[in-house]
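Naming follows writing order (A, B, C and D), and every chain is counted from residue 1.
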Amino acid sequence: MFIEKAPVVTTQIMNDGIFLLKVFSPSIASVAKPGQFCNIKVSGNSFPLLRRPFSICNVDGGSLFFLFDIHGEGTKILSEKNEGDCLEILGPLGKGFVIDGDYNTAVILAGGLGAAPFPFLVKNLPSDKNVVSFVGARSKKQIVKYGLQNVFTATDDGSEGFKGTVLDLFNEQLKKNPYNGIRIFACGPNAMLAAVQKYCNDNNYNCQLSIESAMACGFGICQGCPVVSAVDDSYLLICKDGPVFDARAIML
Amino acid sequence: MFIEKAPVVTTQIMNDGIFLLKVFSPSIASVAKPGQFCNIKVSGNSFPLLRRPFSICNVDGGSLFFLFDIHGEGTKILSEKNEGDCLEILGPLGKGFVIDGDYNTAVILAGGLGAAPFPFLVKNLPSDKNVVSFVGARSKKQIVKYGLQNVFTATDDGSEGFKGTVLDLFNEQLKKNPYNGIRIFACGPNAMLAAVQKYCNDNNYNCQLSIESAMACGFGICQGCPVVSAVDDSYLLICKDGPVFDARAIML
Amino acid sequence: MSNVNLSVDVGGLKLKNPILLASGTIGYGNEIAEFTDLSKLGGIVTKSLSLKPRKGNPPQRIVETPSGMLNAIGLANVGVEAFINEKIPFLKTLDSALICNIAASSIEEYVECVKILTSIDTIKAFEINVSCPNVKEGGLEFGNNLAAVGKITEQSRLATDKPIIIKLSPNVSRISDFAKVVKENGGNAVSAINTLVGTAFDINTCKPKIKNITGGLSGPAIKPVALAKVLEIKRNVDIPIIGIGGLMNWQDAAEMMIVGASAFQLGTVNFINPNAGIEILNGLINYCEQKSIKNISELTGSFQI
Amino acid sequence: MSNVNLSVDVGGLKLKNPILLASGTIGYGNEIAEFTDLSKLGGIVTKSLSLKPRKGNPPQRIVETPSGMLNAIGLANVGVEAFINEKIPFLKTLDSALICNIAASSIEEYVECVKILTSIDTIKAFEINVSCPNVKEGGLEFGNNLAAVGKITEQSRLATDKPIIIKLSPNVSRISDFAKVVKENGGNAVSAINTLVGTAFDINTCKPKIKNITGGLSGPAIKPVALAKVLEIKRNVDIPIIGIGGLMNWQDAAEMMIVGASAFQLGTVNFINPNAGIEILNGLINYCEQKSIKNISELTGSFQI
């Protein structure tokens, strides 16, 4: 884990107010694993006060990529960064995806900006795995396919691909094409993840969920980010024990 | 008085971290008078919370100029503005210099950034007045002569012009050249203004002082900017009754 | 016109909308009127008045702090007589409720101010400031003393037919105890909160940044505290509340009403955006329309716990 | 090496420098040790311990506010036994003073915790948290009650030979009255301040943003309040003070010492810059050298009023 002053390389506008930020952060890049995140100080002063957590979207040499949209003041400031501006990045944080093991097909389920951690995952999957990606969003404009493979899309309003949720789309697709040896990797809004969790547990699919919550520190010192353990009467910390959890380990 | 969203036209670096900001603010520009100031929101968010007051340095058509150096967070943010960035400007505020009346020579005494209000004053002085300017600073690098006429310089370290204060310099100069019908216009640090005030009152010179203080509103509603009246047992408000005062009206 | 009914009733004080400008942050209304149409607002609360004029504290009176500011103005005001003669004529021309804030150093002075001012028709209610942290003799001591607050409420209640609003100090353990005393003694409403006691020092000179040593903290920094105090009163005492503290935009104002405020006051924001009141009014109308709220008063205490 | 003497004595607790990390903001030290060298600091204060483990409050536990944050962690902690077995081994390896913070729901529980822990050599002092606003049974009620604070001080004083520091609540009218009670009952020092009670609501759902409804406000927003509380204690009671609240950089730390703190704690800043302690140490050394201050303790209470 490092605190690294990272100059912005590029800020690229993807569709509809979605940004892909590339920063030069070689120490973090050299040790990052798919599914981990960084906690970023978006300004040089105390506004906003706290860092903002973002999934490591991709790594290219000494550079890190982050994919985000404008949510509030912090992401607004981030979206206005120019080449050469410096960000203070703390990372890599948390436990990432488990990518080894006994499965053939990596199924990616991404809701909205939940697509963020997957380019780096795809890049790092063992070469013997197949990848199929299901990406959902409110409408066509919010669909992000950056860095994904074999993409099927779903939109709430039907403006692109399947009309409905990513989970429904996946279910449909599964009927046509019973992928074998599935491991599901999911990231997106809480409601979606809860549905995916239930679906996977009911159907006995191996499933890893990347979840979010408000965070102050990002590395286990504030206890601000609890999630209920499914195993015993305790809380796990999303920043330290996650953000990626086995679907059977937590209660959403 | 207006609240005007003003785009930045240029930010010019003068010597040693001193900036000249030009913004397009036609409503304010059309009614501004020399010695007045504006209260500027330097960011689009709540950091810093309060506006920052700056003298109107010059007016050119619909544009306003401000001259400033980096003092704290607010002026730092201001110095980083690029062409097209918008500032929210409240002004023109306060009472400016009295430029009419019975005098022949306008003597300008400027200490450091106290030079700020004078380019606009010089431009607006009745054409029958002579101008002579005395500009002082810590050293050569902080001397600003922008928009001034007949400039004599003084520095604390002697790196440019006279070694000493502007007041000493003026006094020296006066011996060589007894200007007739003097009105003094002074702006600078409090200690300098107090010295100028005493000097002028002792020598019976007509003198106008532009003074500063912390301000919250800039237009008379917070009562945060008092200065002791020399006339009765009361406080005057620097933002509303000033910032320019006759040297006999206030106690510094 | 909006079809949201914006009017509210705060303990008998009828306001055309819940937006008030706070005492000490708009003087007597004339200067801010250059930037905003005061007649569109529910009302304005004038700078704390005392019987005789007060010069106020020597400079420096204010200093900025993270997301806030400290002030120690020292209740500088023109006094009751000059207020009537010089300030009322302008205030009379406004089409919004005039609330007169009073700060005194004795119970007798509070009563006398109210008695004199109650004859002025333009004044629609009194806000009794028992909580100014910046004057030595009175203010803070009263505001932290339940018996004193009860007495002031009772006595000023007797001195006028107009609504009596008591402005409470946040610098106490349980503000709801004070609200209860106000209710028991016939007060019509409470305002909460006044500023928090704070200070700042210059590390080069080791001197306080404001001459009075301590000052009152206001602005967005105190919003979470103000919300908690209003919520505490709302959950414990049945009295109308005017919410104050750190409100900068319509979202903040809606939040303040949700935790229990019947109306609210804008303070520090006036210095930064003197037209904030009207922007907040428009924002709230739109918010009510989006949420299909017919009467803005439905927002008051609509929290879901 | 610097020629400034950085060591301070806080009511018998010897620290190699006045920089402490605050309870609840560094867990038990292990995670933050990845980012900073804890052994360079004066000491660390561990997360409030109770006799038995506590799960803490359900999410959401934190929310950001202007220049601050609200938290209602609910004193989640491993309990005294696991602390001794699992946390002390790491803490033992550090070359800085270990202060153990204790939060309990009864006087007996406070005493029992102290009695058990006092045998651990590594622990150099106890900080008794009578002021946590986020647990129902204990905390706040104790912290607002002079007699209870006196009793807790007296009883825990009897249970150990090590310095007893009482961590005071800012949510009271006169914090110096509490400091006085601590002194009278044999407490060695006070820490001030814990968090201010605050809240925040979601204007779409009308629900509180933190599950516990209210939380504790920390961060730069509260710095002016913390400074005023420390100054109040310093001017009224002769007891060493550990200053806490909103300190972000060495300037803030110097200011806190000037108003009266013998040592100070860093809380929220650790989340943003886990190396802040060391940066502040360096800043203070430089400041002392500039001002020709030989002993950093000369800063304590060096205000000029």
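The rule is short, and it goes like this: a residue touches a chain if its C-beta (ideal position, glycine included) is under 8 Å from a C-beta of that chain, and two chains touch if they have at least 3 such contacts.
All values reported here derive from a predicted model rather than from experimental measurement.
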Shared interface partners, meaning chains that touch chain B and chain C: none
Steps in the shortest chain-to-chain touch route ending at chain D and beginning at chain B: 2
Label of the chain whose CA centroid is most distant from the centroid of chain C: A
Centre distance in Å when chain A and chain C are each reduced to the mean of their C-alpha atoms: 47
Gap in Å, rounded to a whole number, between the CA centres of chain B and chain A: 53
Chain A and chain D, separation of their C-alpha mean positions in angstrom: 36
Rounded Å distance, chain C centre to chain D centre (Cα mean): 34
In chain A, residues with contacts to at least two other chains: 46-47
Two or more partner chains touched - positions in chain D: 66-68, 219-220
Graph class of chain-chain contacts, one of line, ring, star, complete, other: ring
Pairs of chains, among all present, that meet the touch criterion: A-B, A-D, B-C, C-D
Residue numbers on chain A that touch chain B, as the complex places them: 45-47, 73
Residues of chain A touching chain D in the complex: 1, 3, 41, 46-51, 90, 213-228, 233-235, 240
Residues of chain C defined as touching chain D within the complex: 65-68, 70, 144, 171-174, 196-201, 203, 205-208, 213-215, 217, 219-225, 227-228, 231, 246, 251, 254-255, 258-259, 287, 302-305
Chain D - residues contacting chain A, complex: 24-27, 31-32, 34-35, 47, 55-56, 58-64, 67-69, 71, 73, 76, 219-220, 248, 268, 270-275
